[in-house]
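Several structures are given next for inspection.
Common to both upcoming complexes is subunit A, partnered first by subunit B, then by subunit C.
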Partner chain A sequence: MSIHPGTAAKGKAPESPTPANTAKVRRRSPTRVNPALYLFPLPAVAVVAFFLVMPTLQAFQYAITDWNGFSAAFNYVGLDNFIRAFTKDSLFTNALTNNLKFVLLVVIAQTIFSLILALLLTKNSRGSILLRALFFFPTILSSVSVAFIWKFIYDPNFGLANTVLKTVGVDGGSYLGNDAQALYWVAVTQVWFHSGQMMVVYIAGLQAIPRELYEAAEMDGANKWQQFKSITWPFVAPATSIVVAYTTVQSFKAFDLILGIAGNPPKSSLDILSTRIYSTFANSEFGYAAAQSIIFMAMIALVTWLQRRLLRLTPKGE
Partner chain B sequence: MSQISRRQAMAVLGALGFGATAAACAGPGGSTAPGGASGPAAPSTGAVTGKVSFAHWRGEDKAVFDELIKRFAAKHSGVEVAQDISTSNDYNAQALQKLRGGSIGDAFATFRGAQFKNFTEAGIYTELKDSQAVKNYQKGLLSAGQNGDSQLGLPYQVVFPMPMANVDLFDKAGAEIAPKNWDAFLGMCEKLASAGVIPISWPGGDVGNGGQLFNCMIANNAPVDDMCAQIEQGKLKVTDDWFIKMLNQYKDLVPYLQPNATGTAVEPAQNLFSQGKAAMLATGSYHIAAVRGLGAKFPIDLVFPNTTSDGKGKYEGAYNATFILGVNSASKNQAAAAAWIDFLSEPENAGYYANQTAQHVSVDKVEYTNPDLKRLSPWLQKKTALAARFQFNNLDVRNAVEASATAVISGTSPEQAAAAAQKIVDERL
Partner chain C sequence: MLASISRRAILAIYAVIIIVPLTVVAFGSFKTTQELFAGPFSLPHSIAPDNFAEVVGGQNLGSSFMNSVIVTAVSVPLTLFLASLAGYAVSRLKGFMSWAIFGFLVLGMAIPAQANMVPLYVLFGRLGLLDNLGGLILANVVSTLPIAVFILGGFMRTLPKELYEASSIDGSGPWKTYASIALPLSAPSIAAAAIFLFVIHWNELLYPLLFIQTPGNRTLPLALLSFQGEFQTNYPLLFAGVILASLPVVVAYVFLQRYFVAGITAGASKG
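== the complex of A and B ==
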């Protein structure tokens, strides 16, 4: 394979761009590459096509069938699966409601908590670095380990939470056994799990803010809150954008944490979209599960877009 | 190498994209049994050599199977058996897809009910009715592996999904271990509670194990034996009087369960029982080995919560025939897989499995030497109902129906809990 060396022809003066030789000049542009190079991304394109594009396209096709996942026979059912999800399946709408509630809780709590941590630990002192490492530690644990740790904490009989409460004379709760509260307790776990990671994103954003701005604000008599409102918050907006988007996707896909903490299948108060889709696949309703997956995908896209618009984290047109 | 033009490169990429799209749009399924499975024919015969993958979910039995594999390999030189073990929930959800290709699970086990049905429809079983193995089983226990005239699987284990009892605590409290009716059962719980122990440890936070009590509660309450199948088909409703009566009986149990029972996972429930803090563990005999492993030294028996008012119920207990052994029709080593199933089904080997795992088996002429199995063996002769919850083929329906009992224990009224469950059943009719 040969690569064209460009137009810097040795020992020759550049030709003047007359109409007659314009095409020749264009062909010999220094930016020109051998077309064979276009084949270099082929392996990567093949991998993406095979593992991402094909399954996605297949999901769209399965979504309009009643395929059970193993038999040769199936029927095309049009949009019935989508209609069923929203009108005739209270388990799906329950999972959707749970998931939106979970996302809202986690996004708000995790964003605020990680920003507070970052504000407290933004200086590069030894103590701060140690604490950053400590807060970041849960992030490197596997979600299954996290689920088991918190399952033990929440256990009403032998768990850490109730044992500690008992020592100070307080009756503990049922935690995951209380349907009205279970989702909130899992949200606490999720925030504990990922806040350290988001804190790092915020610290990077905070450390990029020029110190002169704070000095100028102080000279103008701005108090801490005014400094935060007028300098810190606008400057960490890009970091907030990343934190909110990442937390949203993460909360939608808290599949392994929920399954680890609540068992398989989780009870309906802890069922979120990803666990519902899994249950539907396990129930040999592949067509319907594919339709649920597409709704899930659309839901993540919609919520992320809405968040960015509502929080004005993305300027119009970007 | 000759040069490729940009146009040619784009054509290659385009063709690749088109191929991917076309492949993606190919119809689902494609053959009766993808991966080469061809439905119920007898396993092929031949030399018992090569590698056999044995897929199942009993991680706790791995060491016992390892020993049996050694004995099998000693009998048939040149054969290897590798266990492919998943957790029970994952196995329930994924085994069908994993086994269809035939590279995993030359021999395999399935749960009774929905999984057996799906495997049957997918054509994964071979026909075992003429096999050597089938002759070793008690005829009355083979039905869970039958489909019409075919014997597709061999239900290996017999378990009793009934509360296990700490006999010492019962004796100490002067409580009757075989209550004759519902009032007697509640009286027994009251005596245990008065003696300062938790009468029943129930893992309400674990859907799979918490649901086992349902088998006992429904056995004598339901008007027919195929009550769960009829609920799923819409012929019976969970809002019917008999079901509401059963939910009210669940409500009666609330004072006798450990605090926060609906948030208790199975391991803490086992701990309460094995540490002598609870007199009963409402899961089943399949947990005997686990509680012995946790240090339980006391004698264990089973208790049937007899839900009748006059003691004249049809059943005296509940059992399940499960761990249904089969040979994969897509397997390339069916002869060796079938030989492995034959081997497991020999009374001597089945006896070894039973005594080491503390679980009864469906194989005939097995000598039980394990003290727990010996003690529970009379239950094999009693009139027990085949566990009803496995009649459900739709897992959403099963979970919804069983969740109604959990909801009642959480404080929801039986009528409300039943109505919520019926709504989900109706949506899936």
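== the complex of A and C ==
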């Protein structure tokens, strides 16, 4: 019943070619590769090429047209769609701003919170294992389910949050109804949803730190904070980079959660890029929607790259 | 001492923040709206499954449930089959070809579903795959093949090569070696990948939303989403829907928790 990312995660370490291996390849080993082996990956390669790679490349082609999705005629419009997105379409820039704000909030909150949970539950005691299972639980639910649960928590009239506040004599808020705050409350939901998952990634990183380091630090008179700063944090850097990268992609794509909590289409204070792309598509502006989805992909790549630069999470102890 | 007290306090508070809403939903699914609003934390007065009967019968969540079962039951094994074939080949081929195939398949992990949804919609339209379960199955397979190859291929590469060689000296062809050596030995990673795919496919919302028009072809997440507009504040009905949609995953979690954590965490290292 122990909780740690098991065999599957470990298996991905790239295998370093041993000298014996490379030598074998070079001199055409006697155990030659059976040509039938090339048939095995064929179905997967065909499916990925035809239904994943090709449509992605086509998105670039669509993006420079004004195609509406059903008429046979369309024009090539160059970069007009991209210019429109950034300069003339306040719906799009609003969604972009919301999305970046949401990603920033969730990445910071979820990384810190999941690390705290992991630090508190590193030891494999009975209680820790039970709590890990509980904290992980929300991750397995569907986004729409989580959205409905939190819709009720945030309901201004009958919701859980305000019911609890009323018993202690505090006036409640209107949460999602307050446009200035709505995005923050959805960020709270997202952190509740996925922190347990990231906690597990951190626990695996923490458990790999040799105990002796802490013992030595203690003998040198280092306090807890100094130990964290000079042992724990550098050693969990690989875990942090996984958590930050994954949380970034996950919160860029919080499509299901937003639709579940805010309806389809969501109001503008909760509109993010993925929901905006969908609305543009549903409005049968296929060319423009494709351009937006390319901006979306570029944003994910850009933010991920920036994080790597800023955080300088060079793996240590690997 | 102080540290230990604050540790307990943080853990207890967060446990409450998880347990209480889930309990309210479970109890609430048996209540009337008035009953829920009057006392969200109290036990329900009766455990007559009125709300469940309403969502399953009246709102056709029963047929959506069956659709979800069909889609998931086909797309999970199909993804595993294609991914394990590819992973097996990658583990036995050598040098450049092995890396090229693995790299090509795994590269797809970097493509978010929203990036190619417009051309995919057009393509599926031409192939007659819109508004039917077959299209949903194919979309699920396509979107999760890269991550499945990543998990399974990564694992199979760590299997000792000598086993394959021994098997081919015994005269077994690649197919026999795949079925009798590679698959059984990869059981732990197949189980982890299966759980991961199960959760993803069962909860998938984007593709049904894109492709499905006929209410009778909806899967559970899409049917549930349509509740959001129809029953604005009829929370007991929403909760009954949430319970139905979550039940299979929750039951699996209780029994296969180890694989859940391994699988979903292996999936998390993507990106």
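One rule holds for everything that comes next: the second predicted complex is superposed on the first by the 276 of 318 C-alpha atoms of A that agree within 3 Å, B and C clash if a C-alpha of one lies under 4 Å from a C-alpha of the other, contacts with A are read in each partner's own complex, and residues count from 1 in each chain.
Note that contacts are C-beta pairs under 8 Å (C-beta built on N, C-alpha and C of every residue); 3 or more make two chains touch, one makes a residue touch a chain.
Being a predicted model, the structure only gives us computed values, none of them experimental.
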{"item": "Contacts of A:D155 with subunit B and subunit C, given as first, second, both or neither", "value": "both"}
{"item": "Subunit B versus subunit C as contact partner of A:S143, first or second or both or neither", "value": "second"}
{"item": "Partner chain in contact with A:Y175 - subunit B first, subunit C second, else both or neither", "value": "first"}
{"item": "Touched partner set for A:V53, first subunit B, second subunit C, both or neither", "value": "both"}
{"item": "Partner chain in contact with A:Y62 - subunit B first, subunit C second, else both or neither", "value": "both"}
{"item": "First, second, both or neither for A:L131, with subunit B first and subunit C second", "value": "second"}
{"item": "Contacts of A:K88 with subunit B and subunit C, given as first, second, both or neither", "value": "first"}
{"item": "Superposition-derived comparison: subunit B or subunit C, residues of subunit A touched", "value": "C"}
{"item": "Which superposed partner A:A44 touches (first subunit B, second subunit C, both, neither)", "value": "second"}
{"item": "Touched partner set for A:S71, first subunit B, second subunit C, both or neither", "value": "first"}
{"item": "Common interface residues of subunit A - those touching subunit B in one complex and subunit C in the other", "value": "1-2, 34, 36, 38, 45, 49, 53-56, 58, 62, 69, 151, 155, 157-158, 263-264, 278, 281, 286"}
{"item": "Subunit C partner contacts - residues on subunit A that touch it in the complex", "value": "1-13, 15, 24-25, 31, 33-34, 36-38, 40-41, 43-45, 47-49, 51-56, 58-59, 62, 69, 116-117, 120-121, 131, 133-145, 147-153, 155, 157-158, 160, 163, 192, 197-198, 200-201, 204, 224, 242, 245-246, 248-249, 252-253, 255-256, 259-260, 263-264, 273-274, 277-278, 281, 286, 289-290, 293-294, 296-297, 300, 304"}
{"item": "Parts of subunit A lying in touch with subunit B, wherever the complex brings them together", "value": "1-2, 34-36, 38-39, 42, 45-46, 49-50, 53-58, 61-62, 65, 67-74, 88-91, 151, 154-159, 172-179, 262-268, 278-284, 286-287"}
{"item": "Residue ranges of subunit C touching subunit A (in the complex, touch as defined)", "value": "3, 7, 10-11, 14-15, 17-22, 24-25, 28, 36-37, 40, 82-83, 85-86, 88-90, 92-95, 97, 101, 104-105, 108, 111-123, 138-139, 141-143, 145-146, 149-151, 154-158, 165, 168, 173-175, 178, 188-189, 192-193, 199, 202-203, 205-206, 209-210, 220-221, 224-225, 227-229, 233, 235, 238-239, 241-242, 245-246, 249-250, 253, 257-258, 260-266, 268-271"}
{"item": "Contact footprint of subunit A on subunit B as seen in their complex", "value": "1, 3-10, 12-13, 16-17, 20-21, 23-25, 27-34, 89-90, 92-94, 96-97, 100, 114, 118, 121-122, 204-208, 258-265, 268, 271-272, 394-396, 399-400, 403, 406-407, 410, 423-424, 427"}
